[in-house]
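There are structures below to look over.
Okay, so chain A shows up in both of these, paired with chain B first and chain C after.
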Partner chain A sequence: MSPDQLAFFILSFMVIASGLMFLVSKNIVHAVLYFLVALLATAGIFLQLKAPFLAATQILVYAGAITVLILFVVMLTISKEPEVKVFGQTGIVGPAIAAVSFFAIMAAVVSRSTFTPLPAETAGIDQAQTVAQLGMELYVEYLLPFEIAAFLLLIALVAAVYIALGRGHDAT
Partner chain B sequence: MPLESYLLLGAAVFAIGLFGALSKKSAILILLSVELMLNAVNINLMAFSNFITPLTMKGQIFSIFVIVVAACEVGLGLAIVLMLYRRRQTLEVDKYNLLKG
Partner chain C sequence: MIVEMSELLVSVGWAILIALILCIAVATVAGVALVYVERKVLADLQIRYGPMKVGFHGMLQTVADVVKLIGKEDTVPRDADKVLFWLAPIMVFIPAVLAFLVIPINSDLVLLDWDIGVYWIFAITTITPVGLIVAGWSSYNKYSILGGLRSAAQQISYEVPLLLSVLGVIMLSSSLNLSDIVGAQQATLIGPIHSWFIFLQPLGFILYLIAGLAELNRTPFDIPEAESELISGYSTEYSGMKFGFFMLSEYAAIVVIALLGALMFLGGWDGPFVNEVPLLAPVWLLLKTSALLYLIIWIRGTFPRVRIDQLMNLGWKVMLPLALANLMITGLVLVIAPRVF
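And then the complex of A and B:
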């Protein structure tokens, strides 16, 4: 087994195992931390897929920003009684059927398809150049979507502040 | 590793997120399950980017925008969660039943 395969198996085991622990853990803070482990292992998968910039972004945005934000909200909304039930009224049978059948369909589709690289793209790629190349692509060819995404972030920020302030509403 | 194994990993993570989003009781954990599903989409995009278009990296560009939208979604979702908690003093989605007939 090559080191590449070994790394893939370890990382995907970490992703799936911590995802399952995220599903079953009773403590909400533990669930958030398992979620964090799954995202960090996904960053390792991104490194394997020759996407170092995306791996760094994944760690910065998810581990650095989103998880801390979620832990703050967990602290702000701490409930009086300890959480005893993990799953809601829906039960687990229906969701389990949905998830398992989704995975089965995807596995069937993937195993029946053949994927070939685009003819113009078969030349090898240099790992060291990818970040510079990605920056050129993003700021030259995709400049307008980039600016729109920045504006979307601004709108979401303003809206989040407005909603969270909740002016003029009483607790009912 | 072949492309198929990455796609299967993405499908598995998406299935875990789907199960969590449908079955979890806490509103925060439902939000996190949706994040897990977006993350599975990112794995797929990155795998296709690496195997199908390795030179132009279209999948990586696309996943940058997916991450931006996911960050927006978490910010807004957590604001809504805070507002819901202030109004109903609970985060259990089963208790939000004002529209129940």
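And then the complex of A and C:
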């Protein structure tokens, strides 16, 4: 086993283990922090795949912003005891259907992919020098999808502001 | 196979370990030194001496303080979440340390020559507010929770103008790598003046400084700590070296923001005679960083604290539009007259 593989197994174990702990943890703040560990370990896997930009984005957007937002909501909504029952609140049927169907979709996708190893030329890529290439791909090759995604986010942003303003501000 | 693997692990492990130890050493020394400098400068601004007893002009005062903090009893509130209470200072300290990984000292001395340089610093430091919230929450103290939440709100709000203010610089130098950004500032602007980005991006620099102060929870934006209303906010229940870690990370973060400002806006190690005497490069960088640090301390000694609603209004209604305008103007100029730069 090469150090690369060893690091991959350690990181994958961290993702899966903290993901499980996220599910079974009864304390919601602990759950969020397990989620944070899973996100950081995913960033580690991105680093291993020679994608430092993606890793940094993962840390910035998910580990930083999203985790803080979740914690914020938790702090503002749960006033007394942070312990909540994750299971048994909505019954078992709905979540079970959701879980099984998601598993079926993922299984279908995974079984169809052929897992081709990375082409040989990627082995020569210098991990430190990928940003310019990524920029070219994103802003030249795939400009339209990029712009559509940006527009979608803008719509979400405007909608969020509208909802936050509430009914009293309809006139303005 | 096991021998081979362990050899590889050892060599890779050593590199990582040495880099981390260097980062921790730099962050610690810079933090401890800055605490002393801040006390002296503040004392000077208030026409008093500051620490004078320990060492020459009190130079060993902060070292003595660190020893005191290590020796202090480490109290934990009875209802605290023990594990998280213990983890929070580390969660705050690690990002501040890791930021030093990509900061270059001169054109070829940097621990990690990454293309994503600046981006890495801003990405890794977003974890800090999580640590602050966790510190506040695990203390089981209403002041601490309020302080933690305020800090999170503040840091999220000011990350946006901070990143946008830096984007202009990144567009002009078309690189995220800090060495390249410094290199892009060595062209001649007018006469002996080099094209430092403070001249090309004056608005960007001002926005960077203000957003940086808010990001650091420094006066006039030290609302999360607010001694008079929140009894130091998230760090109320902390004592001993755990509190020391909060202090240390705070001051290390100040050094990072000042270093980044010097590298991105003040030409980094660019200065007179730097091409003739390469050893001058770190000196110029240090001088520029010190000037920014002095400015930050000066502001602390001068301005009163803003209110939280003023802070939010300033961030979202003034700084964000200004940063966006700055970005658009930079983009327009780059499209219309790309030859100028």
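We take it that the second predicted complex is superposed on the first by the 118 of 172 C-alpha atoms of A that agree within 3 Å, B and C clash if a C-alpha of one lies under 4 Å from a C-alpha of the other, contacts with A are read in each partner's own complex, and residues count from 1 in each chain.
As a convention for this text, a residue touches a chain if its C-beta (ideal position, glycine included) is under 8 Å from a C-beta of that chain, and two chains touch if they have at least 3 such contacts.
All of these numbers come straight from a predicted model, not from anything done at the bench.
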Touching partner for A:I10 - first (chain B), second (chain C), both, neither: neither
Partner chain in contact with A:I28 - chain B first, chain C second, else both or neither: first
Contacts of A:T130 with chain B and chain C, given as first, second, both or neither: both
Touching partner for A:A107 - first (chain B), second (chain C), both, neither: first
First, second, both or neither for A:L143, with chain B first and chain C second: neither
Which superposed partner A:A65 touches (first chain B, second chain C, both, neither): both
Which superposed partner A:V158 touches (first chain B, second chain C, both, neither): neither
Which superposed partner A:M75 touches (first chain B, second chain C, both, neither): second
First (chain B), second (chain C), both or neither touched by A:A56: second
More chain A residues in contact [chain B versus chain C]: B
Contact residues of chain A, present in both the chain B and the chain C interface: 53, 57, 65, 69, 76, 130
Chain B partner contacts - residues on chain A that touch it in the complex: 4-5, 8, 12, 15-16, 19-20, 22-23, 28, 31-32, 35, 38-39, 42, 45-46, 48-51, 53-54, 57-58, 61-62, 65-66, 69-70, 73-74, 76-77, 79, 83, 85-92, 94-96, 98-100, 102-103, 106-107, 110-111, 115-118, 120-121, 123-125, 130, 133-134, 137-138, 142, 145, 149, 152-153, 155-157, 159-161, 163-164, 166, 169, 171-172
Touch list for chain C against partner chain A, complex: 1, 5, 8-9, 12, 81, 84, 113-116, 119-120, 122-124, 126-127, 129-130, 133-134, 137, 145, 148-149, 152-153, 155-156, 159, 176
Chain A to chain C touching residues, read off their complex: 1-3, 6, 29-30, 33, 36, 52-53, 56-57, 59-60, 63-65, 67-69, 71-72, 75-76, 82, 128-132
Contact set on chain B toward chain A in their complex: 1, 3-9, 11-20, 22-26, 28-29, 31-32, 35-36, 39, 42-43, 46-57, 60-61, 63-65, 67-76, 78-83, 85-94
